[in-house]
Amino acid sequence: MDETALSQLLEDVRSGIVDPDEALVRLRRLPFVDLGFARVDHHRALRQGIGEAVYAPGKTPEHCAAVVTELLSEPGSSPVVITRASDDQLKAVLEVAPGGEVTATGQTYTVSWCGALERPARVVVITGGTADLPVAKECEAVLRAFGFRPQLMVDCGIAGVHRLLASVDDVTSADAVVVIAGMEGALASLVAGITASPVVAVPTSTGYGAGLEGVTALLAMLSSCAPGLTVVGIDNGFGAACALSRILG
Amino acid sequence: MDETALSQLLEDVRSGIVDPDEALVRLRRLPFVDLGFARVDHHRALRQGIGEAVYAPGKTPEHCAAVVTELLSEPGSSPVVITRASDDQLKAVLEVAPGGEVTATGQTYTVSWCGALERPARVVVITGGTADLPVAKECEAVLRAFGFRPQLMVDCGIAGVHRLLASVDDVTSADAVVVIAGMEGALASLVAGITASPVVAVPTSTGYGAGLEGVTALLAMLSSCAPGLTVVGIDNGFGAACALSRILG
Amino acid sequence: MDETALSQLLEDVRSGIVDPDEALVRLRRLPFVDLGFARVDHHRALRQGIGEAVYAPGKTPEHCAAVVTELLSEPGSSPVVITRASDDQLKAVLEVAPGGEVTATGQTYTVSWCGALERPARVVVITGGTADLPVAKECEAVLRAFGFRPQLMVDCGIAGVHRLLASVDDVTSADAVVVIAGMEGALASLVAGITASPVVAVPTSTGYGAGLEGVTALLAMLSSCAPGLTVVGIDNGFGAACALSRILG
Amino acid sequence: MDETALSQLLEDVRSGIVDPDEALVRLRRLPFVDLGFARVDHHRALRQGIGEAVYAPGKTPEHCAAVVTELLSEPGSSPVVITRASDDQLKAVLEVAPGGEVTATGQTYTVSWCGALERPARVVVITGGTADLPVAKECEAVLRAFGFRPQLMVDCGIAGVHRLLASVDDVTSADAVVVIAGMEGALASLVAGITASPVVAVPTSTGYGAGLEGVTALLAMLSSCAPGLTVVGIDNGFGAACALSRILG
Amino acid sequence: MDETALSQLLEDVRSGIVDPDEALVRLRRLPFVDLGFARVDHHRALRQGIGEAVYAPGKTPEHCAAVVTELLSEPGSSPVVITRASDDQLKAVLEVAPGGEVTATGQTYTVSWCGALERPARVVVITGGTADLPVAKECEAVLRAFGFRPQLMVDCGIAGVHRLLASVDDVTSADAVVVIAGMEGALASLVAGITASPVVAVPTSTGYGAGLEGVTALLAMLSSCAPGLTVVGIDNGFGAACALSRILG
Amino acid sequence: MDETALSQLLEDVRSGIVDPDEALVRLRRLPFVDLGFARVDHHRALRQGIGEAVYAPGKTPEHCAAVVTELLSEPGSSPVVITRASDDQLKAVLEVAPGGEVTATGQTYTVSWCGALERPARVVVITGGTADLPVAKECEAVLRAFGFRPQLMVDCGIAGVHRLLASVDDVTSADAVVVIAGMEGALASLVAGITASPVVAVPTSTGYGAGLEGVTALLAMLSSCAPGLTVVGIDNGFGAACALSRILG
Amino acid sequence: MDETALSQLLEDVRSGIVDPDEALVRLRRLPFVDLGFARVDHHRALRQGIGEAVYAPGKTPEHCAAVVTELLSEPGSSPVVITRASDDQLKAVLEVAPGGEVTATGQTYTVSWCGALERPARVVVITGGTADLPVAKECEAVLRAFGFRPQLMVDCGIAGVHRLLASVDDVTSADAVVVIAGMEGALASLVAGITASPVVAVPTSTGYGAGLEGVTALLAMLSSCAPGLTVVGIDNGFGAACALSRILG
Amino acid sequence: MDETALSQLLEDVRSGIVDPDEALVRLRRLPFVDLGFARVDHHRALRQGIGEAVYAPGKTPEHCAAVVTELLSEPGSSPVVITRASDDQLKAVLEVAPGGEVTATGQTYTVSWCGALERPARVVVITGGTADLPVAKECEAVLRAFGFRPQLMVDCGIAGVHRLLASVDDVTSADAVVVIAGMEGALASLVAGITASPVVAVPTSTGYGAGLEGVTALLAMLSSCAPGLTVVGIDNGFGAACALSRILG
């Protein structure tokens, strides 16, 4: 219900086409559907510029299937994505919506439907190590659903800085960069130091001990001496993809 | 042993009906029963105005069954509730007290007996997401045992604020509101900002990474800019129900 | 702008009294005043059932004076309170609004104007120690502004439990209780264990070392074994007063 | 020393214009100047697309003056900014570089020279409260130095959500938004929920107690249920301005 | 009001010497005095076996003077101690109670009156470094007030283990040992490893950085591999003295 | 190798009975046995006044069996205890040392051999709830091995304070008290407030959410307003038993 | 690509042997191989003076096998090590590279190939307890791969300090010492206090409760009063071995 | 009292030159002097291979002067260093020992006497920023006292990585490197990635917000992906110098 629609509604009231009480009801009737266990938001794509997404953990397979079904019921719908689905949840959603594109992300899956048209912006996703792959895969799958064709560079950690420098042209020519790293998370600072493009950092919970399940990488990225670096939550590859979708319009 | 009883006892001593030594013994004999592994408190309902409750984790199925049996042995007893019971514990208590009302709360169960008479106060329980359902179900089950008939609104998180606004009348007309949310817990501030009724916030451990198992939502709710919001412990749906029972008399 | 006003507005549009474009403008014109450095909210009292409050820290004396002036400009206004004002801020607000009731709260001041009519509910404010007095004084001053006449019991900490028990009748007969305690915060559990009324706990930053500036008391209160205890933020005497205002209607 | 320059150098070596040993020396000679206590980086603007910046704390007034002098010595220089300067540091830098534009940011100052040409992108900076003003002022000053003309909206916290909604058109039509908030930081989630543009959140250390000097707002923003929100460090208004400079090209 | 007194009271009621209502009043009249800002506990010494103590921070000089006066008003009183008194507080208490024994403890003072009779137990107080002296001095002053004549060994830290071993006979022959140490707090483990007597460890906030204001020493002492070591709060020399008073009867 | 033995050794050297080189060797030969994976300490009982103990986690069943065998090989040995043994470890140690007294402590076992002679001191072990039983059982089993006959009082938490008060004589007449509690740990303060005997508090990891796996109870106990309370590590029932052994001589 | 090679390349360009474009390509071609999921670094041994290492967790068995194969493909290769391999990963790497030396490290394995020539430096690895063995075994296995023949001393914890003192000659005559300890980690301070050689401390996550999964030992080691002690991450036996390799040249 | 001396003592006992009782006394008489408030350790230099050091904070100026005097009283003494001395402490020590070499380290001073003979090892000290200078100056002053002539490179932070690379030869040819950095501390990983020498990292408390007073840099350094990096405590420039003294023999 945007401003134009509101103007029209008031005009219709004035001209007698719509009754005031009816108008009041309509003002209340917002574009979501209440399934009891979820209030499915049908205009988030419009409002936030990104596709609909379902975060699977904490939902039963039946919950997942019902929400996906509802989201896909909208004609001309924008991309629909489910992240962190377990084997059971994957099976349930593919049963009700068979055409989904499935990406394995460690022990879980990202599934998408109705992928957006390809967008031209050049996006690079860089990881510090091989163990960051599940987060990178989630990020890549969501970016693909949103129409991007990201380039993935895995295992460019700072302990062997030439591995990143060898790809320096790809990095500096990208329109936006996602850096995914655990341990000390220093790769994000390094990348932000060599490019003028937006850099979104994703700390990961890989590593052990003093890595504190990703808190160390998170704090390090937030304290970066490279100005203009921004950060999303630990292991949040999905969030980084959404941030890029906002940034790249 | 309230003040009246104490006066009477002293009067009885004065009049010779009760011997001083006997009085001393009685002063010590308080209304609980020691089962060895538990001291079952038979006048908590009287003292704290809420039903008896057993927190199942850390107790054997036999412990659970014995405590429930003891609590129900009191004639004219107030509501008895057991929370977070496992499958084994559930089976054990239903064997000794078959009439319990069972509610599934994620991987555990809430069971209640001797539910209170229905109370007229209007109570609303709102969750931020679907994954908060187990905590909401525990809260709802305990509220029902205490005589309330709460209205449950699931998945009203702040990312789609119209989902809450659509139910704004239900919220503002409630006598008290429980808000259950994980992640950044902002829903509690939003609700407290639109209603003059008491709002009790329950942070949940849903989410991952920087959510820190509910600590983030907890801290956020405690730091709320909405004045007069109160908070209970992480995932403590039971506690919120008890708080409402105190508040609504 | 409540529902009645919205209905009326739409009715006026229908009947031609109000132009649709004008209606749109009015829908936007909400009851706050933008002073540039603050958006003063003129209907919070209506919406949240509590008086207007200004949190002084971080504002210049001129900011404070301007916001208080604006709040008091509303005819028939509800109570206005400023908390944690420094000497300079105190001087500034009393210059523009001389009639304020001033309460010293440690190194700062609480000032109130237009106190509400006296309300009959019995409220007790209990502290664990003498060092908790500044927080208790803030709580008491705000409660008084809201029309309550709270009874203050200072230094009832759990190390000498008879000091609380001596006042047990006052505690159990109160309609609501605020418990203010630092260190291990155990007093809140004890009070909640002996009364059926609502109990709001305020952890304080008194103490040292393992008290962690109030975090220990906060965590302890949230983990209380006394069901139905609710908690506000550290040192937040104002918040506890607001919570009681909500609870006692 | 970009790739073109490197190619030219090699070509010059091949054609005998440059001696190999001389080339080796040049490859080492990078565009910074070592002042002993600082290595001033003369091509950061080129590499990272943002102006030169000096973080004043921990530097003597003489350090500050010398670094600013060095940065401004480059002909055709990009914007130069110093942040968090104390009174002494302010005096020192204005003595050596009198034309700086000074902005008071709480107890400190931001000073800029050689501001960039005005850029057309619409930028909005929103704060939760008045106490967030110093951080917002730093962000605004740096954005202005970079050529933006940000719109500042102060005191739109979630406890009176209509204060934000009244400016909803300004928010949704902006090309990028900075949200600056302390306490529970919920404003960032709310803003990200209503706009499709990039949103950069800055947690602030305003507030007290459970706000944990900004850590609560930081964690809450990172755990936001609004997808695509990105975060910079606590009180880092400068960092948010740099992030916007990257995002808006 | 111990058990004997209670028996006697009931006997008196039975024999008609005391009226039941009067008895009820007496049961309520417990041995503390309410000064408004403090409830002074006149039988703590009896109940807890240790002298009366006043923790000065957070009290005005007038508060301190009044509480000390009240405590000393009891005829035949047990030791009275005030800890962490500032210069102003010291002056105020010595004015109303001139005979106090004053000990400087860093920036504050411990003062005691009515010291107990000398007790024969051998007590040793060991510190890791010179910077731990203020805490050791507080502990020593309180121990002296309680009748002990502790031996103080300063600067026996583990980095030069022979400094402790040289005094090993004094340590192993003591009836109880207090170990006061900051930094890594390892001295407590070492001492507990060589003596069979009770060892009470006091972590101190000396040191910097990773010492985390005493939290590191606290955690280390609690995790000691030396069985039977007990710990009190950070910098709590007073608490350690009280623990020894309990232990040594 | 105590001082007497050292004197004798030197005397023997002087008189020519022992060769200097031989003496040097003997000075090095201390009473432990190196099994390769463990250095078994044969005079800890002598030195620390408590029995030998083996902490099972992290050891293979073979390690456990070998260490227990070694400890029991000493003629006239003091009590030997193994704590937290798994089913496999239990089986292994009982095979090599069949006579052990086995106590179930939750999912693990405490086993002891060669229990000490009964000691007369009266010891009370109190728990806050039923879920604290495993820790209490470990504490009780070790105390029994050391010769004590502790009285166990389970489920005396502060929410029903009369449950503790009913046993107040048993508590105040004990020579030492162990308080085992999770959640907010307030029971320890309460107990220390009513007895003059030594009180050792054991925080437990029972509870959930804001209990932070026992950290909340730990901090609360360390911040207790009851003077002279001492604390051991989380869930460390063994440590509390050892502390009592030291305290009670 | 070291400085000599760079000089030669430029000389070759100058003399016409190498084309400038070709030179540019070569400058980019650094000695790593991109396997898609890993960028295998073929000159880390040269650059960092230590063998190649693969951290197994987070990699599939196939990943592990491919990286090991790649590393061993280099003729005349330096030592190759894989740490923390699971049973599946172990099987996969031994299949492609059968000659590896396998060491069990708790639930995982360290495997090495192409061990370096024996180096003469004397290295001692000391543990606080038996439970630290897996970390010590990892450290020992890596040290052996690097050519050292470390002496392992297990279970020398500070609670029985004579167990360490008995081996004091071995400790003080070592060229470098690794101390591996959990709980309070005090052993590291003790060792650093008796030797002039480099001491590298490894905190371990053994223990429970207040040990906080190794954080307590870590903080204690970093706060050590023994000057010159250095620390690596929790459980990082591999890191300590690498540090020794650097230190001993 | 080393092993040779012990052998000699025993030999003297055997030959009758020394009486056994006298020998016992000598064994106890270890080389420290007890000043009451400090046990000055006269053979630490011998034992730990580093000079004597006094940490000034927490000591009175008189304490400092007395300890320095005592340390310098030893004929042929090794270097004596006092760190973090305030103006008052500086004045006091220079009065009793005028020849000290004074280095300003931020608000404090490092003073040394009797500097060691120059040692040939090449040492480099690198800082991330100018604000790290005080820690670097402390490190440099202590290294100089120990006989090193360190090369200081200031402001080489990772945001402009070419500033470090320009000095890469100096770094890689050093015998040992100290890296001093705050914020995200990534510089240490980068340096350890390009050199085979020992690298000791010092996290600093510079920066603000998410830097958490140096904890972020500390955790990041401990989690470094560069193998063999070791770490000392926050701001511990002294400790890093001592570590290098151990490492370089």
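Letters A, B, C, D, E, F, G and H mark the chains in the order given here, with residues in each chain numbered from 1 onward.
Everything that follows uses one rule, which is that a contact is a pair of C-beta atoms (placed from the backbone, for glycine too) under 8 Å apart; a residue touches a chain by one contact, two chains touch by 3 or more.
Bear in mind the structure is a predicted one, so any value in this text is a computation, not a measurement.
Could you tell me which pair, F-G or B-D, is linked by more C-beta pairs in contact?
B-D
List the centre-to-centre spacing of subunit A and subunit F in whole Å, with centres computed as mean CA coordinates.
The computed centroid separation for subunit A versus subunit F comes out at 53 Å.
So the centre of each chain is just the mean of its C-alpha atoms; given that, what is the distance between subunit G and subunit H in Å?
One centre to the other, that is 26 Å.
Of all the residues in subunit F, which ones touch at least 2 other chains?
3, 47-48, 129, 159-160, 192-194, 209-211, 215, 218, 222-224, 226-227, 233-234, in rising order.
So which chains end up touching which?
A-B, A-C, A-D, A-G, A-H, B-C, B-D, B-E, B-F, C-D, C-E, C-F, D-G, D-H, E-F, E-G, E-H, F-G, F-H, G-H
For a test of understanding, state which residues of subunit G touch subunit E in their complex under the given definition.
Per the touch definition, subunit G meets subunit E at residues 128-129, 157-161, 182-186, 189-190, 192-194, 207, 209-212, 215-217, 219-227.
Provide the residue numbers of subunit D that touch subunit A in the complex, in ascending order.
Answer in residue numbers: 3, 46-50, 53, 169, 192-200, 218, 222-224, 226-234, 238-239, 242-247.
Quick check on the complex: what are the subunit F residues that touch subunit B?
Residue list for subunit F touching subunit B: 129-133, 154-156, 159-160, 162-163, 165-166, 206, 208-211.
Provide the residue numbers of subunit H that touch subunit E in the complex, in ascending order.
28-32, 36-39, 41, 44, 47-48, 55, 57-59, 63, 67, 203, 205, 214-215, 218, 233-236
Note which residues of subunit E are touching subunit B in the complex, please.
Residues of subunit E touching subunit B: 3, 6-7, 10-11, 13-14, 16, 19-21, 23-24, 27.
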